[in-house]
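Submitted below is the structure of interest, expressed as structure tokens.
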Amino acid sequence: MASQGLGKEQSIQDMIAQSRNKKGKKFIEKLMPILLIITALISVLTTLGIVFTLIFETFEFFQRVSITDYLFGTEWLPFSGSEPLYGVLPLILGTLKVSVIAACVAVPLGIAAAIYLSEYASDKTRRVIKPILEVLAGVPTIVYGFFALTFITPLLQQLIPSLKIFNALSPGIVVGIMILPMIASLSEDAMSSVPNSIREGALALGSTKLEVSLKVVLPAALSGIVSSVVLAVSRAIGETMIVSLAGGATPTFDFDVTGSIQTMTAYIVQVSSGDAGYGTTIYYSIYAVGFTLFVFTLLMNLLAQYISKRFREEY
Amino acid sequence: MKYMNDTVVMKRMKSRLQVNKVWKTIFIIATSVALLALIVLLVRIVTQGTGYLNWDFFNNFGSRFAEKAGIKAALVGSIYLMLVIAPVSMILGVGTAIYLEEYAKKNKFTDFIQMNISNLAGVPSIVFGLLGLTIFARMLFLGKSILAAGLTMSLLILPVIIVAAQEAIRAVPKEQREASYGMGATKWQTITRVVLPAAIPGILTGSILALSRAVGETAPLVVLGIPVILQFLPDGLLSEFTTLPLQIYDWAKRPQEEFQFVAAAGIIVLMVLLVIMNSIAIFIRNKFQKRY
Amino acid sequence: MVELMIKNEENKTVKTSAPFIGEGQKVFEKNTVFQSKNFNLWYGDHHALKDINLDIKENEVTAIIGPSGCGKSTYIKALNRMVELVPIVKTNGEVNYRGRNIFGSDYEVEELRTRVGMVFQKPNPFPKSIYDNIAYGPRIHGIKNKKILDEIVEKSLRGAAIWDEVKDRLNQNAYGLSGGQQQRICIARCLAIEPDVILMDEPTSALDPISTLKVEELVQELKDNYSIIIVTHNMQQAARISDKTAFFLNGEVVEFDHTDKIFSTPRDQRTEDYISGRFG
């Protein structure tokens, strides 16, 4: 070979040349990318699995229930023995009640916390508060559900005597607390990425911190903040255990927040906890509701991505 | 000519500073609400639950009577579940991340996979339950087993692990790879000997955090029909089982007040488990973070 | 520094007045390690290297100089095919390494890089122990015997003139060393697989003057056993350490000759302009 006759020690290159002839190394080089692409395809298959599962089973459901009755019906009475009704609007309304209440709690508090953390707080304070927000975000939803049912509801009942044990208000507030850290930390990220030079420009003109925050930083970070809110609301829509425990199981088509409701997710849990036999209309109905839920959250996620991409600020 | 009148400016300045102060207080209060909520929640649960935390609670199975109820089956079940989720989700997640960061070319297909992952992260957990029910429980006949639940949960946390692993891999400087290629190393040698050793702390931290999310998750298991009261410990991957969050859910639903205390005791155990996992993750992050 | 400058001045005068030295070298014609024949390279649409024809001889230090963006880095990265890490690269023409075209379809890139080592612009040791850094190359090529590895590590570190500084802390992380030491570790890591050629891509650009001097001295010692091709933006460095110098401009080789000739009597006006500091 080429390196021979160089007049220096051959040992290492010789040893290397010997081991190069082993077949295994080349085989692994060819095999690994294939294995890795298979793992990468699992995530695609998962999405396809979700979409096709929901579509097929929902299709089966619509063999039995008319699609217009489902989409526009205002009564959801699947367990009625004589004449079951499958109008999804009460479930959607229940979901929206909880989500709107949650947003009312989380959006102002979350954005205010983000402004404080990004614009006012010292590094030291930030280092204490951010982990606490992470802890709050890591609390399992079942714990929040328990908290809503056994603490927030009795507390609210003292303020509003007419409040039922199961209602929209209590889970709404607690879902709000659950999504608050998400809004706070994503908005804070958006605001911190506004370059300091922009702040300095405003401060040098004699602006107060408040004016810098509201008139300079907030508008510059708006796309990030709005997309964080959309993502958080999407989380609220898909939230299950809090509303199952504290929201009740009575789908109603009204705007009352003090009485028992049922959300889409809570309905799926109700059917799954009971014993709806495989192949019954009720069994298929959870897929139809699941599909509806999936469409809602997917649209919101796409919206959030669109907002953060389309309106991204260039500094 | 002067457009700015000093006295007016100074007068306005006072009120502007006042407003700034008021709003700062409002922002602090808003931030405190989150902290307050956490404190109230923790204090409430600890005061309710500690009375029921004793040896019997850990050694008893579920029961219709509050004083006999225990979490043995649930705790063991949760740990078994983790033993399925951890390897499955990490192999799939890290594999995907390596593919995307080291092998994938910049093209539509790669963009599609990436977009798919971020959308998958936003799918509600209960929908994963429906997927698991159809595919794992019914089509693959895994029923209400640990394996069915473990695979479902692995898919649920897969996007989180992929993103964490991608970030960790991306943080390894390209000069490190060049050094390895420059010595005649193959791609796979470079990945296993240079990239992964440097990225492993980040991957582990992200994975443990994702795993702790799976441990606290309830909804997909309810959809899979995992039972809540079991009188035996699981004896294999295909065995029926129950988990801590499910057990807590069952107790919390019961009308008798004593079960609230039992549920609170269960929550304490669950939270302690999560705190331990998170501490390990933070420890790894702080201890092994690589500096270049 | 002052001494070196004077030495250079002397070298210049001696060599320019004695052209027969060049003729003398013809008698002991050295083997060619790299022979580029009409070699072209594109990054996408950008024609980065144009019809390169260069013969690089063994056991010499060949310096490549030129203003930034002239293609000098691209050229040496082509010699061990590191340019291929950029996906949009296209090449044509030939680069023969000891008579074989490295861009030929049957040439394994790993084999090439085992023979042609590289030292990079920024010191890039792995975040591993000093020992593991040096043993990395032998290990990936299948040498596992601990005794042999120990020998290789010591020999390589001695070869890179850093053994005495690190022999007591071989198990410490290489990132604990200074920048100059790190770069010599990288050179030692390169020596550990006993390559035939060492490519150096501005190896001292991230180092302080004293570390630079050490690396330069090392390069001088290494040329007895290795062929060295060094890219540098520093003309004094090229003058100090190289036997031959190639001047690149806009992707072309403007002039390639003995270093002393390039720096004393360049044939091309552009070379003269560059070395006299009129641009770049």
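Note that the chains are named A, B and C in the order they appear, and that numbering of residues resets to 1 at the start of each chain.
Keep in mind that, in the parts below, a residue touches a chain if its C-beta (ideal position, glycine included) is under 8 Å from a C-beta of that chain, and two chains touch if they have at least 3 such contacts.
Note that the structure is a prediction, hence the values are computed from the model and not measured.
Undergrad: Of all chains present, which has the mean Cα position farthest from that of chain A?
TA: That would be chain C.
Undergrad: Average the C-alpha coordinates of each chain, average all protein C-alpha coordinates together, and give the chain whose average is closest to the overall one.
TA: Centroid comparison flags B as closest.
Undergrad: Tally the contacting C-beta pairs at the B-C interface and at the A-B interface, and name the larger one.
TA: A-B
Undergrad: Centroid of chain A to centroid of chain C, CA atoms only: how many Å?
TA: Their C-alpha centroids are separated by 54 Å.
Undergrad: How many angstrom between the C-alpha centroids of chain C and chain B?
TA: Centre-to-centre distance between chain B and chain C: 50 Å.
Undergrad: Express in whole angstrom the distance between the two chain centres, defined as the mean CA positions of chain A and chain B.
TA: Here the centre of chain B sits 13 Å away from the centre of chain A.
Undergrad: Give me the residue numbers in chain A that touch at least two other chains, ranges are fine.
TA: Where chain A is concerned, no single residue meets two or more other chains.
Undergrad: Hey, what residues on chain B touch two or more of the other chains?
TA: Expected reply: 186.
Undergrad: Touching at least two other chains at once: which residues of chain C meet that condition?
TA: Only 111, 114, 141, 193 qualify.
Undergrad: Give every residue of chain C touching chain B within the complex, in rising order.
TA: Interface residues on chain C, with respect to chain B: 80, 82, 85, 87, 110-114, 117-118, 120, 122, 124-128, 136-137, 139-141, 175, 186, 189-190, 193.
Undergrad: Quick one: which bits of chain C touch chain A in the complex? Just the residue numbers, please.
TA: 58, 97-100, 111, 114-115, 138, 141-143, 148, 152, 192-194, 196, 225
Undergrad: Could you list, by residue number, the parts of chain B that touch chain C in their complex?
TA: 105-106, 173, 175-186, 189, 193-194, 197-198, 290-292
Undergrad: Mind listing the chain A positions that touch chain C in their complex?
TA: 2-3, 6, 8-9, 11-13, 15-16, 18-20, 22
Undergrad: Using the touch rule from the top, collect the residues of chain A that touch chain B in their complex.
TA: 25, 28-29, 32-33, 35-40, 42-44, 46-47, 49-50, 53-54, 57, 108-109, 112-113, 115-117, 120-121, 129, 132-133, 135-136, 138-147, 149-151, 177, 180-181, 184, 206, 208-211, 231, 234-235, 237-241, 244-245, 265, 268-269, 272-273, 278, 286-287, 290, 293-294, 297-298, 300-302, 305
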